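Note that the chains are named A, B, C and D in the order they appear, and that numbering of residues resets to 1 at the start of each chain.
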Amino acid sequence: MFVTRVAVVGAAGYIGGELLRLLIGHPEIEVVGAVSSRFPGKRVDGVHPNLRSATDLLFCSADQVGECDAVFLALPHRVAMTQVEQWTQRAKLVIDLTGDFRLSDAEVFRRYYGEEHQAPHLLGDFVPGLPELHREQLRTADLISVPGCMAAAGVLALYPLAARDLIDPERGAQFDARTGSSGSGATAGQANLHAERSNSMRVFAPTGHRHEAEISQHLGLPAAMTATGVEAVRGVQTIGRATLRPGVDKAAVRRAYREQYAAEPFVRVVAHQRGTFRYPDPKILLGSNYCDVGYALDEDLGRLTTIAALDNLVKGGAGNAVQCLNIRMGWPETLGLAFPGLHPL
Amino acid sequence: MFVTRVAVVGAAGYIGGELLRLLIGHPEIEVVGAVSSRFPGKRVDGVHPNLRSATDLLFCSADQVGECDAVFLALPHRVAMTQVEQWTQRAKLVIDLTGDFRLSDAEVFRRYYGEEHQAPHLLGDFVPGLPELHREQLRTADLISVPGCMAAAGVLALYPLAARDLIDPERGAQFDARTGSSGSGATAGQANLHAERSNSMRVFAPTGHRHEAEISQHLGLPAAMTATGVEAVRGVQTIGRATLRPGVDKAAVRRAYREQYAAEPFVRVVAHQRGTFRYPDPKILLGSNYCDVGYALDEDLGRLTTIAALDNLVKGGAGNAVQCLNIRMGWPETLGLAFPGLHPL
Amino acid sequence: MFVTRVAVVGAAGYIGGELLRLLIGHPEIEVVGAVSSRFPGKRVDGVHPNLRSATDLLFCSADQVGECDAVFLALPHRVAMTQVEQWTQRAKLVIDLTGDFRLSDAEVFRRYYGEEHQAPHLLGDFVPGLPELHREQLRTADLISVPGCMAAAGVLALYPLAARDLIDPERGAQFDARTGSSGSGATAGQANLHAERSNSMRVFAPTGHRHEAEISQHLGLPAAMTATGVEAVRGVQTIGRATLRPGVDKAAVRRAYREQYAAEPFVRVVAHQRGTFRYPDPKILLGSNYCDVGYALDEDLGRLTTIAALDNLVKGGAGNAVQCLNIRMGWPETLGLAFPGLHPL
Amino acid sequence: MFVTRVAVVGAAGYIGGELLRLLIGHPEIEVVGAVSSRFPGKRVDGVHPNLRSATDLLFCSADQVGECDAVFLALPHRVAMTQVEQWTQRAKLVIDLTGDFRLSDAEVFRRYYGEEHQAPHLLGDFVPGLPELHREQLRTADLISVPGCMAAAGVLALYPLAARDLIDPERGAQFDARTGSSGSGATAGQANLHAERSNSMRVFAPTGHRHEAEISQHLGLPAAMTATGVEAVRGVQTIGRATLRPGVDKAAVRRAYREQYAAEPFVRVVAHQRGTFRYPDPKILLGSNYCDVGYALDEDLGRLTTIAALDNLVKGGAGNAVQCLNIRMGWPETLGLAFPGLHPL
């Protein structure tokens, strides 16, 4: 049988570990490299203990990786853009999970990341790794940039309306995003000690978070986002607000969501009349590749409130990347991504 | 020495228990009645185990309470308005902690509570139990209505600007409120089981929460609020957004907050350049009577983001009520409320 | 293709939900009945929201279930023993997950459960659902009784030594068990409210827990167990202590564990020199069917400390039951049980 | 009024912060030095944000502290023994909160701490800071060594029986201790990241924890202790097991606890027939100076199970130290320690 050979660069991080979990369990894939600059030669399951007995893989250095079919870059932000060309030489497909190629405009990049882009000539070559918006392009893409976790949630929540031009652009969209601590990565410092981070509601970016720029880019609307760390390890939830154009009623909103997502394998519209889980909640999504999307409408005022939830390491990262790979390779889109989530958890 | 005799009605609930904790430790007060319809004759510390060895009090029935100086009503919503007159006959001062007398307009009450008010003639007689807005009136009030926990946070965060007419009224104010599970009370049902409620980000009111109406009333602005239960037992945080009137700059905003709160004993302006706790976080406020208030300004766009945090059972309930009592009795405003909060927790 | 038809009785509980999750994802199985006395006719995913889009199944009543190949009883304790014979008439294989048939001695049952057994004639017919101890019997069993979650952990931790008679029986074995709140079930009351149960270390059975009797039965040693609820939804950990017979040294202990578990698909011996996860921790096991087992030895004193961890709803319940089914049907033992657990979580 | 001048050395740590909280609120004390080698010149409330508006104190270096009445050493283990003599020159009373002077035998110290003691000549001069065992000595002590948090809990739970010689010494005592993450201190590393430490049950010392040696020393019994980090920031609970001497019955046990602790201000015997909080649980003790102690007896077998709970930073550290100071100074023993704990939390 033909096996697709893939490598993960930055394999000792949390996104890297989640990629390994999904790729090791994927029926079409062989992991031929788990690159870590910190732990070369060490066992992968020493860092990712959930993979004990699932793999005997060792971390390796970058130069130990030969040619392969696909490479996932799970590097720190700003590092991917300095390494990407070394990886395109070795692999036909590069899927980047950092922030480096998410923004198509180098000037916007400078504003949000506070420095010059190191490979601006490549910005236009990356296809956004959002199957719900770019599936056709992904089928032939050689460079894919997976969106940020809060951005993915925020975009998916409002896209059905934005794509149909049902939102008042002048009022824009406002997002309140909550996230667990795993989003800070496996090498986070003092502020992420358990005793400091536990039980907190920590507003770490009241304005100007980088994912704000991504949302704006994908929706074509001015967006403002506040980001807060809440008590959770995994999980992202965004509350999005927008004002509808005059005359847009409940039926139009419902139709937009249904049309957009009825056939999507990993987006569920969750907006029930009752029930404990009537709106999207990351609690039931951990480990799964779903992004649940819901909304509530104040029809009199034309105000729409949207809610989206996902696991930041899966649909907000590694799972989304594997979904893109499945599309690119022509495999069933859900391959290796069937885990439904746990309840209760 | 003259001792002020007080009773707590609804003493077996979480707000009731917090009132008892504060009142038992208050140097000017004797608790003469802890009314519970569920547990009459039972020991108070059987329900509130933190009060073991602090009190030998037993719960009693309402008719066992004689005349006293002040009564706190910590009843379920909708019950206080049917009982208030039986308590005004026994006590000169009645402090209500329910939602029944928070809204001054019976029509707004009907819209947000879904039923007719049972004592609309009293609505105008209650002074809002918000010392920061109504201190002078509180000095002579006989009826006090303590605001909702999320409302108190939301109002205190934006009031300095609203009071100075610095906010664009046409755009209104939008709030995203997060709350712990204790706000649901001690008799909450299935949805609040630990296994169901843990690790959740549960949007229980995407629109139309009752505290929204309170915020609107106190700020004099149209307000929209979304309420989400996050993983916490205690603690409320609100993120508020507003658009400033043209020409209002950073200095004006800073001045407004400083002027408003410099002399307040229980509101701190927390908006630092750096540090893990540079914005308000309920984590460090649990058990304390502080409401911390902060903000971030996008000066180019005139967009203001505010952050407020408090302990919903203290500054969002029992502590605020005791602060009102202190004012009403002419005692030092901080009496019995000195606990600073714990870190780490 | 031949499909095995199974029903789950008590399908609305937490064990029931976990059985459904595993059985729906199992390639050889069709779920033909999800019996719930509380929710007949309601959608299964209304109660188990993680199964949205995985199933359109409705709960049914017991009499709607016809003949099938296997039935899982996930009923409350004491109910299974009154219903078992109605299910053996409809299914060749009955797998009971309650406590009713775990103890082989009706007198011990009376002592630990506080009442007479209702079907004592069947006690001897049930094979314990512990593949690691009873695999051969399970291959042909028609009645299987899955052990309690804390019992399974405790037994697996000490069995390698007990089976080789390396433990001083006079000193017996002492267990300290910690468990998450999901073990209390989906209908637990006031004491399991989030605000009451959160952040607790609640000793709910200092002595005499029912799982103690199971451990004693399986190890053939007097056992004492203390059970404490700690802050967790899922997860069990047991610390077990025993005194070794004179002359039993480290090498003998290591050999016992290795021999016993080297070929086991779902027991891993975790006893490393260093590393954050050097001993078994349920944190990395949630959703997985592993029971991790470790130990530390004070060779001078001959004192052995064992540590075991598992997910109480999986290896401590539903997953273990599916493993038994796989064995009974002659399928690969790991079929449908491959999920490795998440890290971090 | 005469004010007692105290300094805290190691004031930026968690125990240091808790000392500052208690000392700042203590009516007889002025804090004249908050020594931190990491943050000299920085505001104390920058590190301990709960002290905002409670103090304007700055951290200082050791040599900035002049003569004072008492010094608290909240240093890392092994540092206090190298500095103690520089502090005895400046203060009549030195209260050490490290492990350096807890063990009276230098040889036992070597075994448990893995190095030679640097000031063995002082070991005999320190009075153990356990008021319940050493109150009379503390009234005149100039050197006090506050016990470890898990040791304090374990000792208080069994001391009433050990002191009356009711325990079978040959069987010894076994302890299972659970602790929150704050016990690891404010500078803990990678293993204590929120994402790593959350939701864990981490056995970090299956045998040989240092507090084991303290327990043994205070009880005069061979003790074995296992230490596990559970999901909590604050809080310690110990489960202790012992075998009673033949003939010791329930009445004798009850009498021992009552006699021992009836007059103690900070030890409560909690062993009720029913109720959610019928045994000691740190949940209701956070911020308070109580150690709750309970027990359950299997009279047939003579097996005793004890449960103790406390806040590791208060009765397990800073609060206990202040209680010792109160005794030493002849003040009311509860001065500055009245906070009763919160419920729910």
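Please note the rule applied: a contact is a pair of C-beta atoms (placed from the backbone, for glycine too) under 8 Å apart; a residue touches a chain by one contact, two chains touch by 3 or more.
A quick map from chain label to UniProt name: A, B, C, D = N-acetyl-gamma-glutamyl-phosphate reductase.
All values derive from a computational prediction rather than experimental measurement.
Asks: Sort the other chains by how far their Cα centres are from that of chain C and give me the top one.
Replies: Between chain C and the rest, the longest centre separation is with B.
Asks: Counting C-beta pairs in contact, does C-D beat B-C or the other way around?
Replies: Most C-beta pairs in contact, of the two: C-D.
Asks: Compute the distance, rounded to whole Å, between the mean C-alpha positions of chain C and chain D.
Replies: Chain centroid spacing, chain C to chain D, equals 38 Å.
Asks: Can you compute the centre-to-centre distance for chain B and chain C, using the mean CA position of each chain? Integer Å is fine.
Replies: About 45 Å, centre to centre.
Asks: Can you tell me which residues of chain D touch two or more of the remaining chains?
Replies: Answer for chain D, listing residues that touch two or more other chains: 14, 182, 186, 190, 195-196, 198-199, 233, 276-277, 344-345.
Asks: Which of the residues in chain C end up touching chain B in this complex?
Replies: Result: residues 14, 180-182, 184, 186-188, 190, 192-199, 233 of chain C touch chain B.
Asks: Would you tell me which residues of chain D are touching chain C in their complex?
Replies: Touch residues, chain D against chain C: 174, 176, 178, 190-191, 195-196, 198-203, 206-208, 224, 226, 228, 230-232, 235, 237, 239, 241, 276-277, 279-283, 294-298, 301, 303, 305, 307, 309, 344-345.
Asks: In their complex, what parts of chain B are in touch with chain D?
Replies: 14, 17, 21, 25, 46, 48-54, 182, 186, 233-234, 268, 270, 275-277, 284-288, 290, 338-345
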